[in-house]
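The two complexes that follow have subunit A in common; it is paired with subunit B in the first and with subunit C in the second.
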Partner chain A sequence: MPSLISPAERDYILKGIECNIRADGRQRPDYREVILETGVISQTSGSSRVRLAGGTDVLVSVKADIGPVLVDPETGEGADKGQIICNVECAPSASQQFEGRGADELNNELTQMMTRFLSHNTTTLSTPSSTTSSSTAASNNNGAGGINLSKLCIIPGEQCWILYVDALVLDYGGNLVDAVFMGTRAAIFDTRIPKTEVQDLGDGNFDFEVLDDAEDTEVVEGREDMPICVTLNKIGARHIVDASPLEELCTEAKLVVAVNRSGELCGLQKGQDGGIEPSLLLEMIQFGKTLGQTLIKQLDAKIKAEAEADMIKRQNGQPVVKLGFFAQ
Partner chain B sequence: MELDGDHEDGADGSGVKDSSLHVVTPGEVITNDTAFMRGHGTYIENEKVVSSVAGVVDRVNKLISVRPLHTRYTGEIGDVVVGRITEVAQKRWKVDVSARQDAILMLSSINLPGGVQRRKQESDELQMRSFFMEGDLVVAEVQAFFGDGAYSLHTRSLKYGKLRNGSFISVPPALVQRCKSHFHSLACGVDVILGLNGYIWVSAHVPQNLDEIDTELVYSNKNKDITPRDRESIARVGNCIRALADEFIFINDTIISFAYE
Partner chain C sequence: MSRAELLSPEGLRIDGRRPAELRKITSTTCVLSQADGSAYLEHGNTKVLAAVYGPREARHRALVLHDRAILNVELNVAPFSTGERRRRSKNDKRLLEMASFVKQTFEPVVIATLYPRSQIDIYLQVIQHDGGTLQACINATTMALIDAGIAMTDYVCACTAGWVEREAAIDLNYIEESSDTSEVTIAMLPKSSKITLTQMESRLHVDKLEEVFRLAGEGCKQMYEVMDKTIRDRAEDLARKMAV
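What follows is the complex of A and B.
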């Protein structure tokens, strides 16, 4: 099973990456095929399922709930902003290494990564392992991973929309981080928040009502600026993207580059025990940025095409059939 | 899930479609006749024989059982399997063969370097890791069963042993049929070893002359130099196998060559 690899296989993969022919014939910057579907869970505000041809399967759901505003006791900020709360969980059936409590550390790491790259919290949380170092450069991305949190506020100082983003990893086939972020972007794209009507009761009291109209909903503002991640695995002296499980076992150092559609760097995380030379680091970041932008373009095109096809079906009165999360 | 008649692993191993195939799902009633004896994969409810797994009904005289589609590898003596060493224990290795239990490879069941007939010495037991380490891939044959159902493997032939020069693929065990030989040499210069447990090894062709094999090198971890063309062929064969597995088609050397073309 995935946690073990023989020296002969390791050597084969290493040499293959050096001459740009990976074990499955891909080149170093090649991604595997991505199957993406949005709107797979009807009870959520937005959902998506991402599958990489190799086994990785991630289900992401976004639920918009109303809750009290979270005010930062030190800076006093947050009274006029909504919140995004992320959670990533790997199903024990996804891989043998996730059985029992095996997935706890990975869950923690992915959740904290998501929280850092997406939500307003720009302070680095406690690093999950001694070999991981991370930084966030969210200031030039309108905070909160591009999403306009002020728009999510209903009554300043009291009530706001809280977006609960939950990702469930159903199957492991390598490259979880990229799949989770792709799915999150698609799910946020798919999210529709009900409109609210705020009434002024006078003397500083407000009341609001959630409009129950299923057709009259708002999209999440700033969703186009949400970042996605590109994971670069350093094997030998070269780096690859979208590693298969065996390639991940050969990785010396892993670099996760979060980039948005404008090419701005939104986050960086280095994992595993190996080192990356400074010149290689810059090269990898640049590579990740360009690749990330291409990926965002392709992803957006896919999501748009799907939304348009659905719209046409609805207008023609045809039922929109989703494969849903039981599809093979 | 798609269920087509190709899952029938017939006794002749040719995958011929049997028109009387009865595919059942868990909870489906197989028969109302209580004269049948129940085999694996069935249970009795309200005097009816009901299936507990998704699979094909197997009827032998008065015994009804259901053979599941997705199941762990269950082997017979003489099966060629590819396994990964998970543990080095006293005088034996534990090998993962995708079965319900790890198989066992005894120290007395392997070829020791220095000649096939060399006696096992004390020092061999102390340097077991120099033969097989955790994570190594081996191709072996099932020799016997232990009392608890674990397989006992042996590599007492020069065609078995440690695997190198290639890459590893895993497919559902049901897709690999039993044939005369599991070591295939394809026309593109690629060797394929189809383990009956669903573990497949695709490697570059190494011309093997059985008389000249250097027994000192059988446990080396060094790969030979593989040309980019060979790598491409290996990758392509690997992708063919993965595609066949995705479509749940039987895997043997003819269909791999067919898919490769």
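What follows is the complex of A and C.
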């Protein structure tokens, strides 16, 4: 990845964006093609691989493990909830600057963003124009980016499911945040958790058994309400989405908008050192919201189509082979 | 869970292979957009991605050599690569040791004198670990270096071999590795049959050594066929596209 950009190149990109023509021929609101594949890693509860045409390649895995509940010492909450622990890592293969400790800051930033948007108790901000579906999402307020954490609890106060979400950035082509969140959403969609059977031993003691049936598993409840992020980059007086590496170097201010399928805003983060006028800010948020909903629809359609194709293959006795890196 | 026998009475291993049989090997090059050369290799369920950047300006001026390039290898293992999730720190001793093995293996093979004052970076990412990580890393690195166009005297092909119960076997998987079998990793230059790396951690009776080494050498030759085919196919493909 170029960490330097010449003034001529910067000017070229700036002027191009003014005229609604970007360096690779896209227009300002155009997103690159998203290639998605789920179930690419065995030995995980769920996994996915997201590629943005042009380079960005992210592998996300979800592993469901059993562990003790985490009780917040101050509020006493969490005894009846499962946990989601996120981790993002940028491999040095993605870019020259990720060697050694170079990626630490970026890893930390992405991990914190993921943790904030996914596993904290967030009250979603409903817009006035939201439909009834959004009010049910707000009442299903276990936060956690829509995921029902109570369902992940096995024995209240003792054992729960912990979902370890590990994202690995293999290749850098700009717009990492969006790719990571899209991959996470797909991986959680793909995740299957074994059923547990809780036995009451009396005296308030419980024992549980994990049913090892590969066919009889549960999906993660609330996965449809998981948000994805849309990153908007302010260049000049305009904003673009899905920036390439060179465009990211020209960015004055960056806005990450997390939105779920009901159009609710699940998170907002501004980055880099430029300022955004309030009117432009509202415009960017609105745009990000609309685009986010469209993206979620497209993603869900892709995941559904893939699952159906796999089902047909299985019924016909054909082996389901995941392309992974062999996909062109 | 009772310990499954590693070698059945019929001579089949735990995954149905014969002792002298390699796992299914699939590979492809040029998978990353930023790296100068990259390769993805699968030895059965062991999946490794190698990226090569270079030759480029050295990062640390102090380490620059005036007449040759320096090689830098970094190995990362993904937390989801094994059955149990485990996050390894970058300074994990085992990983650093493996990275230095890879470096030592390639230092005599890469014609570094062609690139003075520069640095060649090799980044390895283990995506899934099912035994034979070092061999997969070395093989993937060979292909990535070729893909990057870095001059080498020969391919470097690596293969693991060990003594499984009664017989010598090659390409051990995770279950065989973690049980009581001895395992040796060998990296060989196929044209001259010279060995550039030998690494063994367990006990092996000296009488069995020759058999194990011989089998490993054959395994390396088989690896060479597979890797060479992939590289040639890709080169033909590129030549065809350029000729249009």
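Quick note on the criterion: the second predicted complex is superposed on the first by the 301 of 328 C-alpha atoms of A that agree within 3 Å, B and C clash if a C-alpha of one lies under 4 Å from a C-alpha of the other, contacts with A are read in each partner's own complex, and residues count from 1 in each chain.
Simple rule for what comes next: a contact is a pair of C-beta atoms (placed from the backbone, for glycine too) under 8 Å apart; a residue touches a chain by one contact, two chains touch by 3 or more.
Keep in mind that what you see is a predicted model, and the values were worked out from it rather than measured.
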| query | With both structures lined up on subunit A, is it a clash or a fit for subunit B and subunit C? | reply | clash
| task | Using the touch definition from the top, say if A:63 reaches subunit B (first), subunit C (second), both or neither. | result | second
| said: Applying the document's definition of touch, where does A:246 land relative to subunit B and subunit C: first, second, both, or neither? | reply: first
| request: Go through the superposed model and pick first if A:205 touches only subunit B, second if only subunit C, both, or neither. | output: neither
| message | Tell me the contact category for A:44 with respect to subunit B and subunit C: first, second, both or neither. | response | second
| Which of the two, subunit B or subunit C, is in touch with more residues of subunit A? | C
| said: So in the superposed three-chain picture, is A:9 touching just subunit B, just subunit C, both, or none of them (first/second/both/neither)? | reply: first
| Partner chain in contact with A:19 - subunit B first, subunit C second, else both or neither | first
| Touch check for A:294: first (subunit B), second (subunit C), both, or neither? | neither
| said: I'd like to know which partner A:286 touches here: subunit B for first, subunit C for second, both or neither. | reply: neither
| said: Output the subunit A positions appearing in both contact lists, the one against subunit B and the one against subunit C. | reply: 1
| message | Please output the residues of subunit A touching subunit B within their complex, sorted ascending. | response | 1, 4-9, 11-13, 15-16, 19, 21-26, 246, 328
| Inside the complex, what are the residues of subunit A that reach subunit C? | 1, 41-44, 47, 54-55, 57, 59, 61, 63, 65, 87, 89, 91-96, 99-101, 164, 166, 168, 170-173, 324-326
| said: With touch defined as at the start, can you tell me which subunit C residues reach subunit A in the complex? | reply: 26, 28, 31-35, 38, 40, 45, 47, 49-51, 53, 56, 59, 72, 74, 76, 78-80, 82-83, 85, 87, 90, 121, 123, 125, 127-128
| task | Name, in rising order, each residue of subunit B that touches subunit A in their complex. | result | 1-2, 84-86, 96, 133-137, 162-168, 221-223, 226, 228, 231-232, 234-236, 238-239, 242
